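A, B and C label the chains in the order they appear, each numbered from 1.
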Amino acid sequence: MIEVKELKKKFGRKQILNGVSFTANKGEITCLIGINGVGKTTILKGIMNLTPMNSGQIFIDGKNLSKDTYEKITFIPDAITMIPTMTIAQAMQFMQDYYKSWNQSRATELLSFFRLKQEDKISSLSKGNTAKVNLLLGLALDVDYLLMDEPFSGIDIFSREQIANVFTSHLVEDRGVIITTHEINDIEHLIDKVVLLDNGIVLKEFSTEEMREDEGKSVVDVMREVYQG
Amino acid sequence: MKSYLKLVNFEIGRFMKIYLVLIGLTILSQLIGVIILSKSYVANANEAIYEYLVPFGQFIEEYGRMSMMSVVDSIWFMGPIALCAAAFLFYIFFIWYRDWVGKNTFIYRLFMLPTARLNVLLSKATTIFLLVLGLVAMQLILLPIGSMLMKWNVPLDFRTDMTIREIINNSHYLFILIPDSFIQFLINYGLGFMAVFVLFTAILFERSFRWKGVLLGIVYCLIASAIFLAPLIYEFGIQASFFYPVELLIIEIILGILVIAISIWLSKFLLNKKVTV
Amino acid sequence: MNVNLNKREPVYVQVIRHFKEQIATRNLNPGQEIPSRRELANQLKINPNTAQRAYKEMEEQGLIYTEGNSPSKITKDEKILGAVREELIGQAIDSFIAAIGPIDVPLDEVVGLIREKYRGDKE
């Protein structure tokens, strides 16, 4: 379980996060929703210790993050985290060189799943394919937790579909996933849990199936209530 | 340790293209320089002696004999060295900023590697250090080759042959790069190494606190310089030599190590607690 | 398999209803193997946890059964199959009555109309 407790973060004078708390379970897909600039990415970076928080705590399976945690949790930002002049094969080799959790057979499987050619240079790829390589490099790690920042934004519809397929496959199964999005529509049926953010706080945290079962409301219904009510 | 070595190898690989270009330019420029300068000296001598009938003795008196000294002090020789120096000074900054700037988010990857973040810094410092040593080694190989080329082009009577050591000792800047004692070598390159660590720390200040960090970085550079130069500042203050040279050397070595240690410690703190991608 | 899922009803409920329809219309035959929960999740683009929950419920209701490690199958229990059929017919009638009720048509007329229409559709 990933526990985020009372995260606070200021950028200059702007209070981006003002006491954000939520949990994300292993085996579930948790979705952070909020308009752009609400601090979703900052939360993910905070969990990965890629940007310092002013206060608050983060526990991953009850422990603070250390260098070894990077074998258990990985972050897939919205831009590729590899050197663009590398080929896909070189990028995969890089990952294999440093991560014990790198799973080459899964990487190969993902390559064919996404129909990518490993001799291609990253810089020569289309936007959609670059996003897929980015995803591949994270998904091929045998980690318990995956954080994905806007995996669906800015790419073509077919790439979106392919990426959505990943979420219903064994590639994500049994792992804990946190994704951020400002556009819930396509993925409502994929997610287990929703965390609605605004003005630096969590407005609501709920399970999607429970919400449908108990109150007969869709995620968008709840968002309408929370943001406009 | 394994990750550190892999990172060094990786960082060297990333600079290799530019590095090879620098080496190529240096080799070309220095060897072409030897040939051009030798040829023009010989042409000059021919003109004077055969056309204007200047006696040999008088020509030598006026123009001197051709030696490697006129080569190493020329732009052909110094130019590429200055270029390499500038390139490395630039690279001290570029080795960090290229992972941050623009769309490139490779720094995310580097900071998410399952290894101590300090290794990222140490590998970058090691890379710069090793590549600089490589350039110096290449210079040591190029000097005898240059000497030989000059010998082929200039007749014995018109030239003064010098050993490599003589050439270096007579050239101010080559002597800094390749001093004649091991201790002096350690001092020169230790100073360089210290400067790299101080600059890296300043860069990390900037990467942690952005504009405020620029200020902090500059302040840190000043403090580091002040610590290192403290004995000299003191002597300047009292307008007298206070320390024996050996004492001064030992104190400076200790202070140098201290500055490096503080820089690494601060960098480690910034990398783990303050830096932002 | 193509299902239009709505967003306000629990997904697992919709999945179960879908299976009941398939069973009642004999698109799924008694004893026929059904997709694994992962395959189902993938086909319907739903969360594997939800697929799991739907299968669990269906297993509890006796709609499907699993022997050892082999894939789950549609039940052969005629009583349950009959009940599913009745349930769906009942639901259809209910919604029909709910729609026709306010118009206040005599039963005989309705039955006559149904008979006519129904035959026409079947031909």
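Operating definition for what follows: contacts are C-beta pairs under 8 Å (C-beta built on N, C-alpha and C of every residue); 3 or more make two chains touch, one makes a residue touch a chain.
Just so you know, these numbers come straight off a predicted model, no measurement behind them.
Colleague: If I average the CA coordinates per chain, which chain comes out farthest from chain B?
Modeller: That would be chain C.
Colleague: Report the chain closest to the protein's overall CA mean, measuring from each chain's own CA mean.
Modeller: That would be A.
Colleague: Could you please state the distance in Å, as a whole number, between where the Cα atoms of chain B are centred and where those of chain C are centred?
Modeller: Each chain's C-alpha centroid was found; their separation is 79 Å.
Colleague: If you average the CA atoms of chain A and of chain B, how many Å lie between those two points?
Modeller: Here chain A and chain B have centroids separated by 45 Å.
Colleague: Just give me the whole-number Å value for how far the CA centre of chain A lies from that of chain C.
Modeller: One centre to the other, that is 36 Å.
Colleague: Within the complex, which stretch of chain C touches chain A?
Modeller: 5-13, 38, 41-42, 44-50, 53
Colleague: Could you please specify the touching residues of chain B with respect to chain A in the complex?
Modeller: Contact set of chain B toward chain A: 3, 6, 10, 14, 103-106, 108-109, 111-117, 208, 272-277.
Colleague: Which positions of chain A touch chain C when the two form their complex?
Modeller: Residues of chain A touching chain C: 27-29, 164-165, 167-170, 173, 188-192, 209, 212-213, 216-221.
Colleague: For a test of understanding, state which residues of chain A touch chain B in their complex under the given definition.
Modeller: 45, 48-52, 67-71, 74-75, 77, 79-84, 94, 97-100
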